[in-house]
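Look for chain A in each of the two complexes below; its partner is chain B in the first and chain C in the second.
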Partner chain A sequence: MGLREYVVRRILQLVLTLWALVTLLFVLFRMVPGDPTTRFVMEYPTDAERQARIEELGLNEPLYVQYLEYMGQLLRGEFGDSTHYREPVSQLIFPLFMNTVVLMFTALLIAYTIGILFGAAMGWLRGSRFERGGIVAVLMARSSPEFWVGIILVWLFVFQFGLFPRSGIGGYGGELTMNFVDRYVNFDFLRHLFLPALTGAIVYLATPALLMRNTMLEVLKADFVEMKKAEGLPERTVLYKHAARNSVLPLVTVAAIATGAAMGGSVIIETVFNWPGVGREMVASVSRNDYPVAMAAFLLMGTSVIVMNFVADLAYLYLDPRVKYE
Partner chain B sequence: MRSNSRRSFLRSVGVAGAIGSASLAGCFGIDEGDDEEVGEEVPEIQFVYPTSGANPDRSELGGLIADNMEEIGFEVDRQELDFDPHVDQTVGNHDFDVSLLGWGGTPERIDPHIFLMDMHHSDFTGEGGRNTPGYENPDYDELAEAQAQEVDEEARRDIVFEAQAMLAEDQPRCYIANEGGDHPYNSERLESVNPTLGEGLNGFWNFMLAEPADDVDQVTFGYSSDIISLNPMQDLATPDRQFIRLIYDQLYRFGEEGEPIPWLAEDDPEIDEDGTTFTVQIREGHSFHDGEEVTIDDVLFSYELFAEYSPTYSVYLDPIEEMETDGNEITFHLSEPDATFTRNALAQIYIFPEHIWSEIDDPTQQDDEEYIGSGPFQFQAWEREVEMQLTSFDDHFEPPVMDTLIRVPGDEDALMDQIEAHEIDMLGNDPTPTQADRMDEDPDIGLATFEAIGHAKLAYNMRRDHMDDVHIRRAISYCVPKEAFIEDIRGGMGTVTHSPIAPVLEDWHNPDVMEFTEDLDAAREELEEGEYVWDGDDQLHYPAE
Partner chain C sequence: MTLLTIDGLKMYYRSDDGYVRAADDINLELERGQTLGLVGESGSGKTTIARSVIRLLPDNAEVIDGSIDFDGTEITELSERALRKQIRWQEVSMIPQNAMNSFDPVYTVGQQIVQVIRYHEDGVSKKEAKDRGRRLFGELGIDPDRVDDYPHQFSGGMAQRAMIALALCLEPKLILADEPTTALDVVIQDRILETITGMQEEINSAMILITHDISVVSETSDRIAVCYGGRIVEQADAETIITNPRHPYTLGLRNAFPDIGDTDTDLVSIPGTPPELVDPGEGCRFAPRCPFAVDECWDVTPQPEEFDDGHIVECHRADEADELRERAEQKETWEEVRERPSQPQGAGGRR
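And now, the complex of A and B:
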């Protein structure tokens, strides 16, 4: 089977998976008690106003009709209007999604850079006090709940040292712009980004560090490492140029999946730091029975995971000539 | 007040419980083990109350009430629910025996009408209706209707008092407390704040009169949820209305004491003798934010717009038969006398610019992205979940003291921290007792205390046979530790109440109604009076046939 055929088959699988995901989400959300008008029951003077709204939203139609309509909408590339905010879902979610991507990308970048370097060093210095201490530290970071790490950082950097702002994405009262550069490339934004990104980095660091250490241990047993050492290359060069490079492969998959999942945002980090991201909105929309927003948010996250997985598989082809698709 | 420890309170509850059961063993010792003398068991009570995530204070109260109910012989099915499922199951589908919920109190609700009419009249018992208990009492309905039509204040007060007394005796609901609260603010950046009845720092008169310190050019205000919509032709929640009224004007505003005062209107409305014609003159020379003059045509247009499209407000305009304008004067002809018309209609309908909204095909869509109104604040910019920016409208006849107001939504705890970190200036939410203690220690943070007019309450589902017995309802009302709720659970914030009309509304609150406070002996006596009996396991039964 050639590469092209492989890719086509994977794409078909991908579409099938997405369809199953959408259907599952659709059914699950409508099984939850209540509907988008529940929140306002006490605000409607009589039930007639509420019924009118339910009809307007088409929620009085049989479920299969609603489902077909929703699928039709999706195929046209539309997510519909938020029932809560009454504006197009895409318009609502896009800025939140950007905020999430910036935050999570920064956190993952720090986590994987430090994690890989640190994990390689731990593998290289196997049995040393550095390795043992490192493992304990990494496991502690991994088992700490995100909100706890966040609160500790807030206590330290905001209330003790007064170095960083408590929450939000920028100082208040500035220009509200959607221009990427104006929005994110400025000192004030970076100050606000620091604590939530650091929280994410600490929590996500363990996976690459431990994984890297384990694969390093395998690679270090290989003959070519001995060869390189015998060539008289400096230890640092052997470690980072030769051994680490060959250990990094499994991390590609993990990093890709983590990136995909991260696009759904971290509800907890976003809540602790009042970060206007898509994760928080996802939870809020579920509790409001705002089906279109909840569906879109979950779909976005699910799609990211599935697509990134696919990307990781393809990346293997180029990174490791031994991999063939059959 | 806050020094009361919860543990000592729980201990005292335990003691009361122990005494209760000891005295019971004494009284009913003779019947013990003799199951043949009792009838069918009283059905298990389906008690719906909030999860601690939805409302920690009321959740704790719910647990205590359930404990007390079990103590006097009820079996209790405890159902803890989040807000939406709770409302859906109880208010929407009437699937409950007892439900612990609250009702918010804004100045619009200072008039007793909504509490007496919508919440207890038999016309409102349908699914989603505000008469959640399904209370149907023709004598009561008469009172509720009479107060709405009585234009003479004194006479109306007498009826309102009588209605409250009847509600207390019948106990379709158990009114527990007006929760009140403290809203924090930064006293270094604000010279003064102005908390209002029922709303604290969310109040209109706070945004109007709060005085920033000399070097402060913008005031940030935090609240735990974002605005849903600023369009009254859509579903609105209370926080939405609190900002709509900054941007748009009404003919009358609720003043600081909750009385309607002339606003866009020149003077009080002229009401004819039989109370069916209201005539209002508007101010001349006032303009919208875009410079167009506010005319009587805008007023007429707005009333027609709201009558046709607004899900929340159209009902207040139902009594209008005809409207006519003349010069700067508008006259409303009503189909019957309406004592609430000034408060409900004249003081709540916002004046929208005809030149903008007449161009909009579907007013339920917000097509005016600049939100042009004529109110004391002018809309500038808004990004959802980030911030909303308003500035003072300097050409207003009563401009606010501050220049710029920034509204910041977010997680409540994060916002509390931001107040403590001096990042925002005021907050429209209550701190927990622990947070309040911490804020007390900071000399730059003040707490603005205010009374509530909304309440926490139990609703009894009178559609079900066993709940249709007043003795059962009263017995459960005796299980509610109202004092402990305020003093121990809420750290002293709030006021115990026995009536739908808050004690702080002195003109309307009847202080002499039947009172129910935690008293398990009285609860048992009430059940005995209803001829209920207990079996050997102290479970409550109907009497033997």
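And now, the complex of A and C:
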């Protein structure tokens, strides 16, 4: 099988998985008791008015009709209107989603870069004080609750040193008309980004660091590591170009799934730093039975996981020559 | 001219129970262009001895005493950096047992050859280095285009040849071949050995050939050293070791391998297991397995004794070799060892 055929088949698989995800989401949300009007009974003085609203939303139709309509909507690239805000979901959710993507991507990038290098060094220096101290530090970071790490960082950097703003996302004030670069590439935004990203990085660091250390220990037993030493290559070359390069393979999948899942946002980090991300909106919309918003949020998150997995599979083709197109 | 002189080398491994005496008082010499066969069972110290030359040993290895003189350089005192840059691969390369696992799987064989050439030789372009790899592939009977293949795309014998190309790419003065054919099937074994010795002659490098198979070294070596329990119990030119051995262990080793022309003789194995090397105590380390052990053997460590022309033996009864050789051919001689008590009455040397 050629590369092209492999990619095409993986894309078909991806589409199928997405369809399953959408269907599952649809069914799950309709199984939740109540409907978008339930929380706002006061808004509808008479049953007739409430009934009118339900009909307006199309919720009186048989389930399969609603399902078909929803699928049709998605195919047109629409998510419908929020039942709570009464405005298009896409306008509502995409800016939030972008905020989350920027935050989480920064946090994960820091966590995986430092984690991989640090874990590789821990594996290389097995049995040393550095390794023992490193494991304790990483496990402490991992076991600390996110909100606690966030609060400590705020206390330190905001109230003691006064270096960073306390919360929010900066001066653009939710101007959705600004383009991506203007919105995110400015000093004010980066200052607001620092603390929440650091919080995420600290909490996410443990997985890559510990996993990398473990696979390093396995790889270091391999004959080729000894051979590269026999070849007289400098230690740094053997460590990073050969041992770490081989150890990083299992991390690709983990990193991809972590990235995908993180795109759903971290409710806790977003709450501590008052970050306008998709995580908080997701929770709020679920409790409001705001189907379109909740489903769009979950759909974005699920899609991220699925797409990142696909990216990981493609990355393997490049990273590990032993992988065959199967 | 002498290339390598190992003098009184004691290379021990630290362990929780004390030092493991993996190489204990080793004396060896190797001439330029010659091949030395190191024969012995697993754990006899042969790999430790060979790897000491490039100090490619686990972290708990420690030189207690002795010196390793390689072409005028004292290896035991060399800095880590000088060792890497000047000795490893540049002067001394290695052919490992399992070639397939000894290449990094994520780089092509060519990339790995280019890397080592360019690290050790200044001013060599990638293309020049790769061309050298292609030329070596050609000489070793592999399609030169296969330098662009990944290790997993090679067969076992092919990978071993590629490894030989890697080992020879800097034309080292010494090649450490650590059981280079053990992982291959018998038909290919011979051809690979021939390839190695042929190429070795071409670039006139010396070789230390490590093996547990005495028949392998008898064909290819100029000199053979027999290792047992961390010591070299007998060494001489190959001819002498095969026809006129003096140490009972060498006698036993000869019996343990089949002679394909002689179907009448039974294979006789040496009874017992290799000695504990943590605290071997006084006495000959082979005594518990030796059919000819006398009281002296249990109490006094035999010292190297030179017989005619560089034939060095560590055995109290080496001068009775002619008689022992005959007895060693009898199966019964060795079976008696199994039945006797592990230590004779009255021998008090071992605790």
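Here, the second predicted complex is superposed on the first by the 301 of 326 C-alpha atoms of A that agree within 3 Å, B and C clash if a C-alpha of one lies under 4 Å from a C-alpha of the other, contacts with A are read in each partner's own complex, and residues count from 1 in each chain.
Definition applied: contacts are C-beta pairs under 8 Å (C-beta built on N, C-alpha and C of every residue); 3 or more make two chains touch, one makes a residue touch a chain.
Bear in mind that the values here come from a model prediction, so they are computed numbers and not experimental data.
Q: Check the residue A:69 against both partner chains and state whether it touches chain B (first), chain C (second), both, or neither.
A: neither
Q: Which partner chains sit in contact with A:61 here, chain B, chain C, both or neither? Use first/second/both/neither.
A: neither
Q: Contact-wise, after the overlay, does A:233 reach chain B, chain C, both or neither (first, second, both, neither)?
A: Second partner only, chain C.
Q: Answer with first, second, both or neither: which of chain B and chain C does A:242 touch in the superposed model?
A: Once the two structures are laid over each other on A, A:242 reaches chain C alone.
Q: Looking at chain A, which partner touches more of its residues: chain C or chain B?
A: B
Q: Just chain B (first), just chain C (second), both, or neither: which does A:289 touch?
A: first
Q: Report the residues of chain A in contact with chain B in the complex, numbered from low to high.
A: Within the complex, chain A contacts chain B at residues 32-35, 37-47, 49-50, 52-53, 84-87, 92, 95-96, 154, 158-159, 165-169, 172-173, 175-176, 271-274, 276, 280-281, 287-289.
Q: State the interface residues of chain C toward chain A in the complex, per the touch definition above.
A: Of all residues in chain C, those touching chain A are 54, 56, 83-85, 87-90, 93-94, 96, 98, 101-106, 108, 115-116, 119-120, 150, 152.
Q: For a test of understanding, state which residues of chain B touch chain A in their complex under the given definition.
A: Residue positions touching the partner: 82-85, 87-89, 91-92, 103, 118, 124, 126-130, 218, 220, 228-229, 234-237, 311-312, 314-315, 364-366, 381-387, 389, 404, 406, 408, 410-411, 414-415, 417-418, 420-421, 423-424.
Q: Can you check the complex and tell me which residues of chain A touch chain C?
A: Chain A residues touching chain C: 222-224, 226-234, 237, 242, 245-246, 319-322.
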